[in-house]
Structures are given as structure tokens and as C-alpha cells.
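Common to both upcoming complexes is chain A, partnered first by chain B, then by chain C.
== the complex of A and B ==
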């Protein structure tokens, strides 16, 4: 089992979500986050006071997947989340030791 | 406010009974004719009073709306989320606190008696204040209406000060400070400018008649200067100016500003104290001043930053409304545009440049908008006032610069100086007292955690529910 964490542009989120559903992926956790890699921020001015905003809004997707689905999901996300510009985001993969379904205490890949 | 050139004398009478059909008049019955005329006279007076009273009651409601929710929203949107309720509560508290003080002694101190500086206790507990008009102030409306209308001014004035002390002022300190400020600073100023015998009163023969139609000196200079003193006394917010503290919801501020604009018609046009031509004139001047100032601030900002911001536009409108406040019932529509334009640019510079140069933390620009706007407005009133609009000094007597009476600017300066002086001295004294009794500023930990939780035990936006 792998945990997939993807930070993507908010404007690409709907397309990514639709594509993942079409690929048969059910279940994800979505958070609104702020951050930046190499992307520059912008300046806001309130009554003459300037603020540099360099933490930009992004969407974070988290999914735990059975090994055989990882490549499908990565390819889907890469295809739908990419705009080609700096700020498109990143995907991280980490190994997961255990997954448990709270409702019936199922364990392992069948809990996903 | 009691600045109508001619007071209509009114016989106080109860409303007439149902109209009787005009009976045939016997030409030789002079008494019947006279009785009929007297009855018609009473009915006309009552009809006029009815129009004036309806207008003035509405205006009182409009001015109250300026405090709640107008100012509360305007300020509320400008602070950080953790301090939203606190700043709103400070405005709302004035609605309760000042009303009680006004009822007990406030109205009497402002409008009782005929002393040069302060009123008396003749109307304490609103004794003698009923449906009969007070001929000194507003001869066609019940004194109750006049009293409650004036109350709304007394409510909003201290609330304005909270803009400078935002995000670090103790609530207990607020309550004590505002009680003292109302009694020591507001009441004398209101009496001097608007009260009978007040030596700045332009319509009732004051020694240095200061033209202040709706409160440029009494409301805006007093609160604005006091705000500056408070901001300097209590010091900057923790983290200011390095830490970013942008407004948490300009949407709230926008709504508040629009409510202020609409409410201001009650503030300025209502200061005509009647529903006649002067109210129309003041209404138009008010609106034009706001509009021109919004344009002025926006253009200045567009030139400086390359963008016109929403915050700038609404701030400009408020600045214009402040500046036109002393002028509203004295100047024509074109001068109103000019006053607004000047105020928009002037306050923009005060808020963005002067504040940055001197480095004081007038958090929500109470001084930059109200203190500065009120001052420039009071000065320009002396320039642009015309007898054509309001022959306040008597028929045929010149009023302001446009009439050739440039000396009026001198009188305006006296009024401005006294307002500044009272506000400065009074506020410093009250700050010292407040600091000793309740304390004025929260601790640093409380400030960081936020006033909503530490002062009021609440969160403005409870995100988990």
C-alpha cells in the first residue's frame, strides 16, 4: 500500500477529481493549503501598507492506494493537473504499514 | 444642528380632531371666521410638524444605523479575525451605555441651560422633555424627537475612537474611558457649538460663531484627535509594523461603508431639523461630497499604485462624508464636490504617507479620516459657505468666503482649535484615570491570543460547527 500526496493548482482540481473517478478511484482526502516552491507570490496593498503574499493557495490530495493502482493514479494526475507552468505542484509517494476500516475493522488492502 | 436661519414659532397644540366640513359662513359673524382661521392655522402647523417629525424620527434611526451595524461592520472587516467581535462590541456598547448616560444627564448637559461652555441639570432624567417642541432648537418637532436624534450623535462619536485603539484595548477600559470622555469632552463641545449660549454657536449668537452644521468639530475632530492621543499613549500593536495585519474581510467593511453613506443622510440632512429645502440642500451636498471624495481617493491611489482598490474607494467616500459634515447645510452642490475631492486626496495622503512618516499605529485610521477630514472640512466650510444656501447670520448678512466674508475662516479656526484642545487635554486626563482604575491595554499574551476570546469569551467564526 502506498500513500499518494499530491499538491496541485486549485484551478485543476475539478478536472483531476473527475478523471480519478472515471479511472475507478474512490476515496480521497482533500485539503486547502498554502505554500510555494519556486513560484513567486504577489503584493497586496491596504491603505498604503504593502504585504507580500508568498504563500499561495493550493489543493492537497491524499489517497492510500493498493500497489497495483499507483501508476494509474500518478499518470492520471500528471495528465490532468499539468499546466506546464511553474506552480503546477508535486506528487509524493510513501509506503504505508497498515490500513484499518473503522466500521468493521477490516485490515490490509481490502480496507482501502 | 440647530442651525436653521429662521425659527418658526409654533403654538404647541395637540393634534386636531377629525376635520369638519366647511360650513357656510355668515359674513357678519366675524368671530366664526376668526375661529375658523385659528383652527386652520393649528392644522397647518400640525401638518408641518407631522412632516418634520416623521423625517426627524427616520433620521434618528438612520444615524443609529450608522453605528450599528454601519461602523461595526466597517471596522469589523478591517481587523484580524480574532478581534472581530471585540471591535463590534465596542460600537454596540456605546449604543447601550451612551443612551443610558444621555437619558440620565447627557441631554441636559448638552442642551440644557444657556451657559457658554456646558449645559445644566434642568433636563436631568429628561425632566421637561416631552411632545412639546423646544423653541430654542427645533420649533416644529417634539422635544423628545430632538433629544433622541441628538442622542444618536452622542452614540457614534465615542465609537469612532475605537478605530485607533483596535486590537489592543481592554473592554473594561473602553467602558470607563467612554463614560468619562462623553461627559468631559463630548458634552462641553456639543454645548459650545450647538447649545443655547454656547460661545461657538453660530445660530444662537455665540461669540466665535463656528459653522458646523452636523458635527465636523463636535463629532469628527473631537473623536479623531482623541483617537490619535489614544494611539500614541497606548502604543503600537504587538508586531506592528513588521507583521502583516491585513483586513480579514473587506466584504464586511464594504457593507459597513455603504450603510454609513446612506445613514449619513440622516446625520447631515437631518441636521436641518425639518423636512424643508435646507434638508434637501444638505442631502445633496452630503451625497456629492461622498462621491467626489471616493473618486479623489481612487484616482490618487490609481496614480500611486497603478490600481484603484475597493478599500480605497470606500475609505475615500467616508472621508468625503466626514469633510462635508460641517459644511452640508451651508454650501452649494458644486462646492460640495470640491470639498469632497479635496478631502479624498487629503485623507489619502494622511493615511498612507503621514502615518507612515510618523509611525503611529492609528489602527483603523480614526485620526487620518475623522480627525483630518473633520479639520479640512471645517476649514473649507468657512470658504464655501453662502447665505444663498443658508442665511445663518440673518437676512442679507454674508456667511463665508464666497460671500466675501473671509473672516469666517478665522472663526472656523477658533472652533477647530477649541475642538482640538478639548480633545487633547481631556483625553490625556481620562487616559491617565482609566489606566489607574481599570487599565487600558491588554497584556501581550491576550493581544496575541485575540480580544474576542480574552475579552468576550467568544469566537466570531466558529469553524467546527
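== the complex of A and C ==
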């Protein structure tokens, strides 16, 4: 099992979510986050006040996947989240040792 | 030989049979009250049997031990899966120690028989002391009922110990109950209109009834107690019966003490016509409307009792000085049919309420000042509203009157009680479609009408934002033009959800059409509200689905919004709409994204002001409208007038205003300076047309400053033929024009004389200078000057942020004129003590050179500080 964490542009979230649903992925955790990589923020001035956005708003998706679905999900996210500009985001994969369903204590991939 | 039968073997089966019988009766139509009583009697009988058995087993008489029922059990309102709240009352500590094993066995046996015992033990001495750490216990003790044991001990507590303690502690108990109730109501957002309410704990639930009952008991035999009428008591009894039915149903369905009226439960309850004997089946939404009606009854009853004050005990010294003060105290001013007393609006003349203009005036006062109506005032209005046989005068509200309410600083303070009393639906029948309307939605927490009222309340709280989310938006709300249109849009924006249409926006627009026609909105006003309703989801969608840092997205959005004023209203509408979905919907992240889009779009408007110019022949619709108003005009003349104005000119002026400007333009041949002075809601506006010339803008500003006028907003445009159209909105600081209407002509003459070089400006300015100097600012604003050569193809943008003061625009305009800078376009605005001025400048027909910009910066810095 793998945990997939993806940081994407907020404007791409709906498309990514729809595409993942079509790919059969129903479960995910979504968080509103702020951050930056190479895409630096910018400063907007409004009525004399500076609004510096150095931590840009992003969406973080997290999901734990059976091994056989990882490549499909990565490809889906790459296809739908990409705009080609700096700031598109990143995907991280880490191995998961165990998953347990709280309701009935099911373990392993069947708990996903 | 078999021993005596134990409670378990004898009673267990009997209890189960009896519970099943009670349940069956309930499900076959037995009332809630009868069901609760039957459950209570079952518990009483069982408890008494078990208690006797346990006493026999321990060979112990009950001397020094009483069993008391408390809370709902004490009131004989025992729900199927509620706990039995029992108090073990001991004569003293020794008795408590002696009975401990017996009580353990008793409790275990009761649990084994399926009764969830929730017990407390107190000695009789401990019950005397009423203090903060045991306030909730003493409130539960108000419902005490003897079950079994030492009757004399109970009588001592009930008749001799508690009555004097409770009398002395009345103010304390009242304040504690008040505090606990306020906390509970606050946890549920102080509203009954939850989509899946908790029928016990939420406002309008059974706890409200319980709390009102306790408040009435605490207040006891006070002569000034405003009690309920017989009709109100019956309404409350019906409400309790209805909600109790729901709670029984939920307990049986869930097989536990779960009081959440979920969507599934609502559907099931509606199907069974729960709580409605012999009534035709209704949809879940209709059934929930009945629920909310009952919830409203219980909540209003509770709030009325909570409003009644309990005097704290005073010492002799305090009473003496209070009496001395009251002799000299001046009674509060009383005028007309209502007055403000004790921070509430009270009715003085009940009969006057038959005239709706009196009611509207009360609500206008509430909206203007934030002063709520007192409960008795609401009761009086409710009486008038619910007795249709009473005569009604002036029922139809005029738009000008409704505007007073909508445009106030506290519109929610008026609109919420207006809705509660049925007055809002009377003047806006379109709102009826969403009254108590449940629309099943994962995100929305409230009924549709509640959501709409909350949007308005979230805006009014921007006067003092409660948290970081509103801080950026607060100045927008405080300086917003035509608030009434925004509030009106919020009232109507979701009315379509109560109509049989797939697209609720379309339904809401239809509601606007009928409302606007009936109330008499102007075409321009209706168009503004139409835009807000039609686009009320657009900004949120842009924030969520588009890259708001992409200039092309911002540009496209700006085009759809068209003017800065619309952007401001739409931004506030979006802020409020998201905020009112549920308490967590507007995250700081979302608020910031919304603000970023607003800033980017606002700056886009400023930076493209000069770029987007009118090609008059393309504006067919506007030409037709102006021609219709100026019947003797030629289209070519109108085109010549409009040609080259910034596009903003069309966006911020109605066809009627443009027609008037055109009429003035036509007179320029005869008189080269045309002016129009108009009184507005908060000041005046001056429109001026003339041929462009150096220092024109600064001269006009100077005359205004000399007359003590404070310029709030201004637009300065020029068309392709070099005709300038300047509009100044200003306040009359010394009320010269307001108090002396004849001064209007003298003011205009003064302006004409100065502009036509018949009089000098400097003497006028000097006479005002001393008077208006040096009132220290409340908020210090740092001066900022920024130049931008990329905003326009042929002029330089200068943005000035500076401390506002009288004469500021004259000083700036003079500095620009001295340096031979021509103002192509100016956009002047004020935000509190901050002046925000945008100029598009040229020098000798071109952008300002770098040297010119530096020099101008130096001069302005010196002038403005």
C-alpha cells in the first residue's frame, strides 16, 4: 500500500476530483493549505496597503492506495492537474505498513 | 425449598412487556404526554419494588434515606431511552455511609432491568448550600419528586430547607440559568433553523421549554412578572406535545437517547404524520415547517422569560442611595408612538400599531441604530399581525421606506424580528417561498430563510469584525454605496429555491421582477439587484475553479462585473453568502482567496480606466435609451457627446443621467459652463460640463474647499472633443447648503465666477483656511505615491494614498497644474480618513517622463506631507 500526497493548484481541484472518481477512487482527504516551491509569491498593492502573498494557496490531496492502483492515480493527477506553469505542484509517495478500518477492524488492502 | 423471587426474575419480563405495550400504543397513535407518563409510572413502580426488596434483603428500614426523582423524570416526562435522574438524600454523613452497599445493589438491579440510572447522593445539609459549583444540581432540584424512602426527610427538605434557600438564591439561580442557557443557545448559533436540529438541545427544543419552566419557578410570585396569555400557554403546550412525540419516535427508531432529527427521520416522521392526529400526509419539507413553527413558540417563550430582569440583592446603603438618585433622575425622552427605553424600542401607543407606517418607523430606527425591539413590543406587533379583524392603515410599503431599513448600519436587527413577526413576508411575499424551507444539502446547515438573514448579519458585523476573516472586507462594507441594493439582493437571492424550478437563480430573478414592480424600484436599481442575484455564485466559482493570479482570468472577470461599485457589492455578497452556509464554510484560506480576487480586479479597473474608451456608435442600446428621453436630439449629436469618454462613464451613469448630461452639453454653445447641483442621501453631487483647460480640476476643487465642502468621491472624464464632464460627490461640513437653500444659487454663482475669471479663488480659500485647520486625525495615514507607465498607452497613472482633509484635492490639483500635468481621467475616492486618488496624466500630450515623475513626486510629497 502507498500513501499518495499531492499538492495542486486550487483551480485544478474539481477536475482532478472528477477524474479520480471516474478512475474508481472514492476516498481522499482534502486540505486547504498554503505554501510555495519555486513559484514565488507576489505583492499586490490596494489603496496603499501591500498584500504580500508569499505563501500561495494550494490544495493538498491525501489517499492510501493499493499498489496496483498507484500508477493509475499518479497518471490521472498528472494529466488533470498540469497547466505547464510553475506552481503546478508535486506528488509524493510513501509506503504504508498497515491500514485498519475502525468500524469492523478490517486490516490491509481490504480496509481501503 | 425455593427462596423468595428476586426482582430480576419477576420484574425483568414484566418490564419488557410493559415497555413493548407502551411503544405499541405510541406507534398506534397514543399521545406523547400519555406515553411519557406511562414510562414514568413503569419506572416508579419498578423502582419502588426494587427498593423494597433491597431494603428487605439488607434488613434495613429506610429511615434517613429518601429517593427523589429529578429533572425530566421529576416532571413525569420520561422518554424511552432517557436516564432516570435520581437523588439519594441522606439525613447525615453516617447514614450515607451505612446505605452505600444498599444503593450499589439497588442501582445494579435497576440497570439489569433496563433502566439507566443516573444518580447523585447528598446529605440534607449539603442541599442547603446553593453556590456556583452546584448551580446545575440545584436547578435540577427544582423538579424534585418523592419516590420512596423516608417521607419525613423529604418533607423537611421540600418544605423547610429548600424554600428559604431558593428564595434567597433567586437572583443567583436566575443568573446561572441565564448563563447556561445563553451558552447552550450560542453553541447552536442562536437559531432554531437547523436543517437537522437536535430536538432536545437546540434552540426551540425541549430544553427551551425546560429552561422557561425553571425561570418561571425561580421568579415565583413576582408581581411584575409578564406571564403568558391562555392562548400562548396552549400554543406552548401543543409545541411540547409535538416535540415530545418526535423525541419518543427518535428514541424508538434509534434504540438509544439520540435526539438528532436527521433527514431520514424527517422523511419517516412526515410519512407517519407524526404529531399530527388525523391529518393528511405531508412532504418532509412541509412537516419540517410545522416543526419550526412549534420550535419558534418554545424559543420565543424562553427568550421572553430570559429578558425579564432579576434584581440582585442590595444592601441597605445601596437601597438608600438608589432611592436618592431616583428622585432627581430625568425620565428618558418620550416622543410619538414608540421610544427607546433600557436599550430597547418599546411601544407607547398600542393603538398606533394599526398604522403600518409606525411599525416601519420602529424597524427603521432599529436598523439605523442597532437598538432591538423589546419583547413586549414584539408581542404587541404579533397581536396586530395575527388579528386580521383589526383595521390596518398604510399597509403597502413604499420603496423609499423599505430602503431606510435596508440601508441602515444594522439591517439584521430589523429584518430578523420582521421575519419572525410575519411583517417581512407581508411586504415581500416572495420571501414566503423560503420560510422555514429545508433544502437538503451537505454543506448548508440552516433553512433557506435563516441562511438569507445570516448573510445580512454577517455583513453588519463587519462594523467590528469578530475574527480575521472579515478584517479586509470591513472597509468595503463601511464605505459601500447603495447598501440597500445589496441587502435587497441578499433577501431575494435564494428565493428561487422555494419554487418549482431547476435553476434557483432564474426563480430568484422572477421574484425580483415582481417585487421590483410592486415596490417601485427604478430600472437602474432593479438592474443592479438583477446583476447581483444573477451573478451571486460567479465570484465564488471563479475563486474555486480559476487561477486568480492569472491576469487574463482577472481581466475576464472584470469584464463580467463591469464597474468597481458592482465588484464591491458582489464581493461582499459572496463573502456573506459563503459565511452563512455554516460556521466553518468561510475558512481564512477562502476569505483570503476572495480578497485577492477582489484586489486584483479592483486594481485592474483602476489600471484600465484610461485604456477602455467608448466608441459611441457601438453603444446602440444606450443611444436608443437616451434618444427616447431626449426626443428632439439627433443621434449623431449624442454620439459626438459620448465619443471618447472612458467606458466607466456608461457603467456608472443611468440613461436618465446621461440624457441630462447631454442636455447640458447641448447648452454649451450658449453658455460654455454648465453645472447641476443635486442633493443626495448623504450630501450633494455637482456635475460640471465645460471645455477642458489647465487647472480646471484644481479650481473646482478649490471652490468646493472654500465653501467648506468635503469631497468624498469624484470622477473627471473628457471626451474625444475635449469636453470635460466632472462629477463631485461631497458632504456639506458646515451645513451651509442644507440649512440655507438660497445659498445653493450663491454657491453655483461663486463657482461660475471663479471658473470664468470673474472672481479670484484665493480670497475664498483664505477665509476658510483658519476655520478648517488642524483637527488632528483619528487615524494617521502614510502618504504613498506610485506611478505606472504600463497601465495606459498614452498616459501615466498616478495613484495617491494620503490622509484626507478639507482642501486636499485642491492642493493636489494645484500641484499638478503648476507642473503642467493634464488630468485625462481622475477617480477620487475616500475610505474613512484615507483619500485614494487615481489620476491619468499627460504632459504635452504624452506620458510623463521619468524626470517629470520625480519632480512631481517631490512636489506632492512636500504639499501632502
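By our rule, the second predicted complex is superposed on the first by the 106 of 112 C-alpha atoms of A that agree within 3 Å, B and C clash if a C-alpha of one lies under 4 Å from a C-alpha of the other, contacts with A are read in each partner's own complex, and residues count from 1 in each chain.
Operating definition for what follows: a residue touches a chain if its C-beta (ideal position, glycine included) is under 8 Å from a C-beta of that chain, and two chains touch if they have at least 3 such contacts.
Note that the coordinates shown come from a computational prediction; the quantities given were computed from them, not determined experimentally.
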Query raised in the report: Of the partners chain B and chain C, which touch A:48 in the superposed model: first, second, both, neither?
Result: both
Query raised in the report: Of the partners chain B and chain C, which touch A:57 in the superposed model: first, second, both, neither?
Result: second
Query - Contacts of A:83 with chain B and chain C, given as first, second, both or neither - result: second
Report task. Check whether A:34 is in contact with chain B, with chain C, with both or with neither, and answer first, second, both or neither. Result -> second
Query - Per-residue touch tally on chain A - higher for chain B or for chain C - result: C
Report task. Once the two structures are superposed, pull the chain A residues common to the chain B and chain C interfaces. Result -> 44-48, 51
**Report entry** Residues on chain C engaged by chain A in the complex (per definition of touch)
**Finding:** 543-549, 587, 589-590, 592-593, 595-596, 599-600, 602-603, 781-782, 784, 786, 801, 831, 834, 836
Query - Footprint of chain A on chain B - complex, ascending - result: 241, 244, 246-247, 305, 307, 309, 311-312, 315, 351-353, 355-356, 365
Query raised in the report: Which positions of chain A touch chain B when the two form their complex?
Result: 44-49, 51
Query - Residue ranges of chain A in contact with chain C within the complex - result: 9-11, 13-14, 32-34, 42, 44-48, 51, 53, 56-57, 83
